[in-house]
Structure formats: C-alpha cells, structure tokens
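As written, the chains take the letters A, B, C and D, and residue 1 is the first residue of each chain.
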Amino acid sequence: MLIVLRADASQADRARVAALIESLGFQAQAIESRQRVAIAVVGNDGRVDGARFSALPGVEEVIHLSRPYRMVAREWRPEPTVIRLPGGRSIGGTELLIVAGPCSVESEQQIFATARAVQAAGATALRAGAFKPRTSPYAFQGLGVPGLALLEAVRRETGLLIVTEAMDEAGLEQVADVADVIQIGARNMQNFALLKRAGRAGKPVLLKRGISATLTDLLLSAEYVLSEGNPDVILCERGIRGFDASTRNLFDVNAIPAVKSLSHLPIMADPSHGTGKRAMVPAVARAAVAAGADGLLIEVHVSPEEALSDGVQSLYPEQFALLMEELRAIAAVIGRRVP
Amino acid sequence: MLIVLRADASQADRARVAALIESLGFQAQAIESRQRVAIAVVGNDGRVDGARFSALPGVEEVIHLSRPYRMVAREWRPEPTVIRLPGGRSIGGTELLIVAGPCSVESEQQIFATARAVQAAGATALRAGAFKPRTSPYAFQGLGVPGLALLEAVRRETGLLIVTEAMDEAGLEQVADVADVIQIGARNMQNFALLKRAGRAGKPVLLKRGISATLTDLLLSAEYVLSEGNPDVILCERGIRGFDASTRNLFDVNAIPAVKSLSHLPIMADPSHGTGKRAMVPAVARAAVAAGADGLLIEVHVSPEEALSDGVQSLYPEQFALLMEELRAIAAVIGRRVP
Amino acid sequence: MLIVLRADASQADRARVAALIESLGFQAQAIESRQRVAIAVVGNDGRVDGARFSALPGVEEVIHLSRPYRMVAREWRPEPTVIRLPGGRSIGGTELLIVAGPCSVESEQQIFATARAVQAAGATALRAGAFKPRTSPYAFQGLGVPGLALLEAVRRETGLLIVTEAMDEAGLEQVADVADVIQIGARNMQNFALLKRAGRAGKPVLLKRGISATLTDLLLSAEYVLSEGNPDVILCERGIRGFDASTRNLFDVNAIPAVKSLSHLPIMADPSHGTGKRAMVPAVARAAVAAGADGLLIEVHVSPEEALSDGVQSLYPEQFALLMEELRAIAAVIGRRVP
Amino acid sequence: MLIVLRADASQADRARVAALIESLGFQAQAIESRQRVAIAVVGNDGRVDGARFSALPGVEEVIHLSRPYRMVAREWRPEPTVIRLPGGRSIGGTELLIVAGPCSVESEQQIFATARAVQAAGATALRAGAFKPRTSPYAFQGLGVPGLALLEAVRRETGLLIVTEAMDEAGLEQVADVADVIQIGARNMQNFALLKRAGRAGKPVLLKRGISATLTDLLLSAEYVLSEGNPDVILCERGIRGFDASTRNLFDVNAIPAVKSLSHLPIMADPSHGTGKRAMVPAVARAAVAAGADGLLIEVHVSPEEALSDGVQSLYPEQFALLMEELRAIAAVIGRRVP
C-alpha cells in the first residue's frame, strides 16, 4: 500500500502517517518525487484497511499495490479450479458446461419439453427459475416450491443437472435440496447474508455479476462464499449497464480474459441476458466461447412467443441445436470441448 | 402500449399481434407510417406485460406509453407525501429532515459524542449502522445487536430520531424494534424478500438507490414496499457508478427534480457517499438542498481520522455546524426550512 | 413519430399538437389509453424533427418510430455493402480484412520490419499513424508528413494496403493522397467538418466509434460521409468507456450483431484499444471474429517494449501469427475466410 | 511514478525496469511488499511517459503519483485564475458570469428579442450559435456567417458580451473576430487541431467537457490551449452520458468541487444540456451555483415552442427572470455575487 501525500502536506502530517503504519506493525518507507511525497507500507500482506489512512490530514490518495481479496486470487492458487459435478461432469477444465432452458418453470409440459430439446442438442444441465426476482412487483414471480418439484422430476427422468436460483435465505435451503448448482442472481451479488449462507450450503454456487459490479466487487463477493468454507464458486458474466438502448444489457467480453488473469475460478457467460435479443444471442454465445468462457447459460424455450418471462431473448430449440454445432467447432480451435 | 413491427413483418405477424391484444381484452389500433407499422393497445391501464409481445415474430420493439408502476406515481397521488415521524418531525413538507452521524456505531463514547455534536448543530435524527454491508468479508462488519442497544440509549437520552440499516430479513425485525426509520442500503435495493418484509414492518423505510439503478428501477422497488401495505417510503440519491476516479461515486443531482416529477414520495440526498471525499461534501450538500431535496443524510464523526469505516468522507462536527448555517440560508431561498 | 401527452394536458395542448402536425403536411391520429393520450404523425418518412413537438406545452415525450438516419440503414439497402479495395481486396463480403501494425510510424526500420512481419502472418493491410491524436500535449504526436512518406514506401515495396488516420481537414488531403483507407479516430467521430471533407475524399473511410457514442450516433456520423457522396464507410468498434479499471476500454461485442441488424455497412473490431492489454487481445480478437466482425484492426510491433505509444497493447509478431491461425479456423466455422 | 511488478516477475524483469529508469536520468527505488515488488521513479517532475514501462515484461501496472498536466494544475498556480472580459466583467472571482440565450441564432427578431429579455433579467453575456454541430446531417446547422453578423449587431446595440461556438479551424477565425468568448463544444473537446488554433486566437476560450471525458481528459485538453500561449480557459460541465432515459444527459455536480481542487481555472455549468428538460433547469442551475460554479450557461428563448433547436430545454424569459432572483440569493449565501 502506498499513501500519497498532498503537495501541501506538513511534516506533522507525514509523521502521523508514519506513526500509524508503525502502530500497525509495518515499516514506513518514504518515496520523494519532485511534486509530492508518498509513503509505502512495507510488510503488508494485503489486509491493511486503507480507509484509516485516507482519513488522515494531508493524505491525497491511498493506492493498493496488493489485491483486496485472497482465496479467489490467482496468487493464492495458480492452477485453475475444476469443480466436480454429479454424473462425471465438471467445469473449469477442458469441457465446457452448457446450461440451457427457460427463464422460469411454467408448467410440467413446458419444462419437460424444453428439457428434452436442450438435452437432445447436447446441453448437460437445465436452467429454469422456480423463484424469480422481478423488477416489478406485478410481474410473474415464479411457481415457487411446486416449480422445484418439477425440476426434481426432470432430473430424475433425464439425468440433466439442475441449475436454479435462490433469492433469499429461506429459499436457499429449499433450492439446495434440489439443485446441483445454486444460482445467486445479479441483483443479489452483494446480498452478503445470502452469500454467507451459500458458503455453508454444500453445493456449488453460480454467482452472477451485478449490473454495475467491478471485477473486484465480483471477486470479493466470491470471497464471501469461499471464506465460509465453500470453494466451489462459478462466476458468470451476464451483461452490465450500458448506455445504448439497442440492447438490454452490455455483454462485457473483456471480463472473461480479465477474470482468468485475476482468479483461478471458472467463469461462464450468459449471452441471453447479455444482449436481451434472440437474434443476437448466437453471435455473442460464439464470442464468449472464443474468448475462453468455461461454460454458457442460455435461455431456450419450446415456444418463446408464449413464455411468461424473457421470451424475447429465448432461442427456439432448433436455433439452439444449430448454435451448439458452431460452439463445438469454435471450442475445438482453442483446445476446449463442448459436449 | 405500442407494438412497433419490423419493416419486413408479414400480414400474418400483424394479425398475430392484433389477436393477442384482443385475447387480453383490449382493442388494437394500427398506425401506418411510411417506413413501418405500429399497433397501439387501447384500453390498457398500465399493467399489460410487454414481454409477451416482444417475443412475437415480426415485432421490432414494444414501447410503454404508461408507467410500469402505480402507487408511487404522481398520477396515483398528485400532492407530495408527507411522512409523519415521532417528536412532531416529518419529511416531505416544508421542513427538511437532517440525518447525521457516523457510518457505524463503534463505541459508546463515539456514538454519544457524535450524537450530541450533530444535535447541537441542528440535526434531528442520528444515522449510524449496527449492521454494515461491506464489499469485503475482511472489513469491519458492525457491532450488531449491541450497536442497536447503544442507538436506543442515544435516543432515550437525546431525543434524536434513529435511522439505521437492516441488511437481511432476520435483522430487519431487530432494526424495526429500535429504529424510527429503517434504512435499506443501495446493495439491497433489489433484494425483493427484504423489501416485502419492510413493507410489513410498520415503520417508515429509507430506500437508497442502487449504484446503477434507473429511476424506474428505484420506483419499482418502492412499489414493492407500498404494495405490501407500507406507504411511508423515503427515497435517497446516494451517487451512482461513474467513470471518473476522482470521486467515489457520481452524485446524480438530476435525480432530485426527476423523481419529484415522477413520484409523490419524498427524496433525500446522501452527499457523503455521493462524493466519497470530505472536502466535497459541503458543496454537494448545498447543491442537493438547492435542487429541492427533502432531506440530507450526512456522515459526521467526532474524530474521522480514527473511524473504522468511511472516515475519509465524514465531516468534522465543526464543519457540519458551518454547513448547517449555509443550508438554512439556501433552504429559505426556495421556501423550505432547515431546523 | 408519436407524441405522448402528459396526463394533465389540456384540450388546447392537444389541439396545438394536431395543428403543428397538419401544418407540416401530415395527418394526426389520436391513440387514447386509460392513463394518457398519444398522437401519431401519419405519413412521416423519418425526417420530421421531434424537437418541435417536445417543446410544446402538455407534451410528455416524443417517440421516434422511424430511424433518424436514411442511407446507412438496412431499410435503405437490404444487402450488405461490399467495399472494393485495391489489389482485389474487399471488406463486407466473405473475406475478412485484417489490418495490423504499430500504433505510430516511428522509423524506417521499425515500420518496414513490422510490415513484413504482419504480411508474413497474413495481414493484407498495414495500420500505422503518421498523425496521432494524443490526450496530452506532451505525448509523442507522430512523425507527420515524413511518416506518410514511409507508409508510401512500405506499400510500394510490400503491396500492403495502407490504413492511416487523418486528424484535421488539412491533414485529410495529405492522408488521402497516400492511404487506401482513411481512418477517422474515435475522438473525431463527431468532428462534422472532418466527416464532410471525408465524404468528398474519394477514398474509403474507416470510422471509429466514439468512446461514448450510441450506435445511433455512430450511424448518423456515417450518414454525414454518405450524404456528401462517399458510400464507402467501414465502421469500427474499438471499446467504449467502462467503469472497471482492469481494462483500458470496454469492448462492446454486442455492437457487432447490433450494427449488422441496423445497417448494411461493414463493421470491424479493434481489440487492441478495446482491451488495452496485450494478454487480452487474442481472446477478444477471436470473440470479434466469432461474433461476425468483417475485419480486425490489431496493433503489432516488432519490439513493443520500445514502442513510443501503445506498446502495452501491441502484440509481438509471433503472437500475431499464432492468433491468425486461430482466426482462420474460427472464421471458417461461420462461413467466413481470413486470408 | 511507481512501476508495480507482477508476482511472478523475474530478477531480469526487475533489472530491466531499473535500467530504463536510470537511462532516463532518474533514480530507481524498490518497495518490497509481501505479495509483490514495486519500483518508484525518483526525481521525476511529472513528464515521464508511463507507457514505456507498461510495455516491459513482468510489469503489472504503472501508477502515476504526479498529475499528467502542468499549467492547468493547482500546484502550478495556487490562486484561482480570474479572466478579465470586456466591459469590466470577469469570471473566476467573486462575481458569477451569467450567459443566457437561445441555442441558435434564428432570425434578427428572435435574437434581439431574446437578448433584450435576458439582459433585463441580469445576464451579462448572450449565448447563441451561428455554427451548430448537429448529430444528424439533416438537422438545422445554423445560419453561419450571417448569424455572426447578427450577434455583432446585438452587441453593438445592447453591450452584451457574445459567447458563440467555433466548430472548425476555418470557422474559428471568423468566430474570434466577433466573439468575446470562443466556445469549443463537447464533441470537439478532443479536436486537438482546433484546440491548438484556439490557443493562438487571442480570446478567452470556453471549453465544454466531452460527454464521457474524465476530468483528467478535460484538463489535458485545456492544457493544449494553455501550452499554445492562451491562459484564458473557462471549463464547463454540461452533463455526461448517463444510463437513465428520464434526462438527456447526467449533470455531474461533483465535477465542480473536483475541478476546483485540481485546477485554478474557472468552471461554469450548463444546466440546459445537463438535464435536457425545461422543468428541471432551474433546480440544477441553483444546485450548480450552490456547489460553487463560477458561471452559468443557460438556454432561454422568447418562444421555445418555435425554436429550431433545443426548444424543449429552453426557459421562457419570465422563468429565467425568476431563476435569477433565486440565484442571487443563493450566491450570496456562499459569498458570491450574481449581477
């Protein structure tokens, strides 16, 4: 950590900074440039809270030379984390995890038909929400517990893995009983009570990036889960807040190589929410795989024009099957494999 | 609602849209421009879900002519909502609500000393967190329940109103027992389970805008609270995600007049989080009052250089007292009153 | 165009809007929903200026149902524009245009060595600036006219096409004498005098998206060039302003399919500026090709560690050669061809 | 400047960085933290180009401890710059500069009537464009040279100072002949050829912030003007790109105190473009003055509903007169004066 002093900082200001560094058990090392003086904190392992220094008189800025997170960092674990899933599946290794399905569980007919279609095209997991976080209190909020029961029935019959969202602490217990992977949605990325509970759930967690979260914010949220004892966190880029009205969100493809350089955790991509438009989903799905994503989360619906939510961004099953062919070929180019 | 068709939409596409409109009990009215055709939904009271139409073939765009929220809208209630608080205080009328205090309750000495200082300068409510949502799991997380007990003691002794944050459903019950106003933080603005619980808490709710929330998102979150039966929601602009590193957040002063034109609910401003720098807080606090904010939430600490969180953006008590003088004079210019 | 009236608009307000519509030679058609009234402008071909209506009393909002641009729109020309370049090259058809080279022309040795390296790897055009727009007046500003002479020499000797930037009207004449494609940089995307001059330059124009330009802004800037008589405009996504400090810019991969649905013009991608970090360039270059980009603009330097600008985002020649192999395979998956 | 090495940087990487520092005539000083090593450049006066270091192998990040600009910085000139204008007016001192008028010169009648109205309310300068940068080539582009002649006539008759925009180098000469202050618009903030020409124009320059410019970008553009010999630059905050559709731009009130802490140059505010809606202009104008702006640029039109551009954000003269009363009272609170 480096504490940069203001050009007009006094000797007393400087001494106060040095004293605080030493009181914390570190050494202070001054760096004198022509315009201003900075003081380095030597011996720090990354956990000194810079806020204490920012608040001192004469301090211009506090610069962190170390990462603010630990267990999720590449430095903590140089090799990529491979998370083992039931049925011999995994994510983070050579094989990509393809999770497809409707936004919500709507009915037995709808979920079984969609599940069979995505499985036929090669998906190994089904996504579908029983509990749905909706911006408006007047929008469809999901079937709830009966939805979970339908997902359980799908798995029993098809063998597909189940990925479904938990919206609150009570629901997390119920979801954990059924899901193979517990999804935490973008709006809950900083619901710290939920993250801590997920850290004790004994199931892998799929953590979606908040709509305006920096990568540091995302990794710190993952750190909450790891620090409670659950090492199995899958990150997910799902589009961030943009300023152009032609797409629902702005898919941040840079986040894929950036996360891989910062962390050992696997990262998936959600091109459905990342674009919000069916016609753009295949292009962005291919882009995500080409950029090195470890898996995809794609909305597919047997009849999108009748979907209760997100129909506009859901692929038709035949589009999904075609896309899978392209993804297999692209993954092969960079030494990866799509089932 | 208006459904705009693509230039290449077929007659069948057009008929399908019209049929869906009629199946929902409304009338379809075509508007033919030279470049494309649009179909209006006539008779809609604002609650038709546009997603059903977006997903139909041949549809380019769905345009909402009505607001997606109801009870929070100006149209629902033309006069401003005035929320009554204990001790004859209120927010939303002529008098501004000034809430000041430290980021967190740290100790008996710290909270009493700060409370007395802000009260002496004219604040009528104390802000201080017992439960703190922190981006990093390694940062100070608040004193918890003992912090609430200290806040209760402060109120007993000083008569200051207490504004403090609830982070999760369990904590909300505890906070509701003590607080005069329950704060929902920016990171939880779309924690819908928490919002619903707050809608049944029987206390006014201070809802902070999420870091990248549109005003529609903010108002829909408030609608969650109102639709559970609690009409007493105070909105709060506290800075959004910006791209300039010279401030922590970007205080959106436009939000104040914009919310006032869209909604009857009162809106406060938090210039401490809105800037993140002590030296900028007075300028932005004055701006917020000049723009018509109904109250302020300001961080003040008896010794900011020793604060466990947010010291860098906390005012010294004497700065706060000076600022209050300026705020009184500015409020008077626009017919408002600062205590 | 649709003029939405405020809920409290008077009959007089409504009549005034209708009168203005009719005075412009169109028909007014009312749409009455329960909450508010809207008036459609029937007969408009897309060139009515909505600002006239926005300013009228009682008007809440003006909604454009038609695009604000004409000649660049898909509706104007349904099939993709293929721009013919010297040497039998083209952009917009099956074959991708790969433009590689250093940020700036620095010396004869540097530009010839880099040109030969990128040509050996398969690039068909050289990028390199003689005039450099730099944020700081103290940064290297390019060699100027002698730089252009070196580019001319490179073309003579290698046959590579030359893509280089014009920064102002005077320079545009000089650049047009030498370049095969005239680049207009992101900072000049709305330098309308320069765009108009480029519209009369008789050479294809590569128009980079401004750092915060919407796609509509970008297409309107292209319309400036087309409306002066030059149909050969190549658009370029080069990263937009983001909020995450881990990359220089935020590469907007969504822009590729979005532009293709809105316009017939070809669109390239610049993953070097789009990321700002050498290690991330290959991933994002692959993503852009997978998403359907018509070409790439990539910074390559024979010794990036000695580059006078952008060394940190320039590939080593051997990295570029490897990347070209991957791009060939990915392009083939979607029926495109990399030379 | 501080060069932070990657955790896996080799001794050779470290030696290479040190050697480059010394070859530039500075001293290298190592700072060893537990997680990584950083090397400070000692003796640097702020003009070392960090790009050279970023490009070296093993380098993680280059951190600037000094500002990238010189003459515009507070450190260069601690007291605020007061720019003298004709007629005994000035900006940057106690008195605020109020510039009001229509977006464009439209006709003799319109410009004279508006000029007289704003003068009666207390404005000391008239704003109005003869040359208009418009996003669309089909929008009204201004009257051009005849517009300038009208502005000259207004000044002769009323004594109002004239502020008008130059869009290109040729136009700048013409504008400089007439204007008291030459405006450079947001879209041209990084048109470096224009900035350099403005640096030699012999008139004060009003430089508007680009729609997504950081404050560093803005100050570096001002530095272009100063470094050509013109010390009289007035900065202007006019709203940045936001994500909320309820306003045209996002007025960044933080920029006012932030610029004042970084630079000695005066800063104005443009609440008309900053909001894009007439009803919000007074609130944001008051906020800007309360935050410490040195002047305002406000659109006023005698009949906004007939304006050829920006009518929707133009005040009626009587609204402007009322606003001036409020601004006088608010300015007085912080020791400033509105004429």
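To be clear about the criterion, a contact is a pair of C-beta atoms (placed from the backbone, for glycine too) under 8 Å apart; a residue touches a chain by one contact, two chains touch by 3 or more.
Given the structure is predicted, the values throughout are model-derived calculations rather than measurements.
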On the document's contact criterion, could you list the chains that touch subunit A and likewise touch subunit B? C, D
Of all other chains, the one whose Cα centre sits farthest from subunit B: C
Quick one: report the Å distance separating subunit A from subunit D, using the average Cα coordinate of each chain. 39
Length of the line joining the C-alpha centres of subunit C and subunit D, rounded to whole Å: 26
With chain centres defined as C-alpha means, what is the inter-centre distance between subunit A and subunit C in Å? 31
Provide the list of subunit C residues touching at least two other chains, using ranges where the numbers run on. 212, 240-243, 245
Would you tell me which residues of subunit D are touching subunit B in their complex? 212, 214-216, 242-247, 250-258, 261-262, 274-275, 279-280, 283-284, 286-292, 326, 329-330, 333-334
Touching residues on subunit D, where the partner in the complex is subunit C: 47, 49, 51-52, 54-57, 68-70, 133-140, 167-171, 187-188, 190-194, 210-212, 217, 220-221, 223-224, 227, 240-241, 304-307, 309-312, 314
For the subunit C and subunit B complex, residues of the former touching the latter: 1-2, 4, 7, 29, 31-36, 38, 40-46, 63, 65-67, 75, 241-243, 245
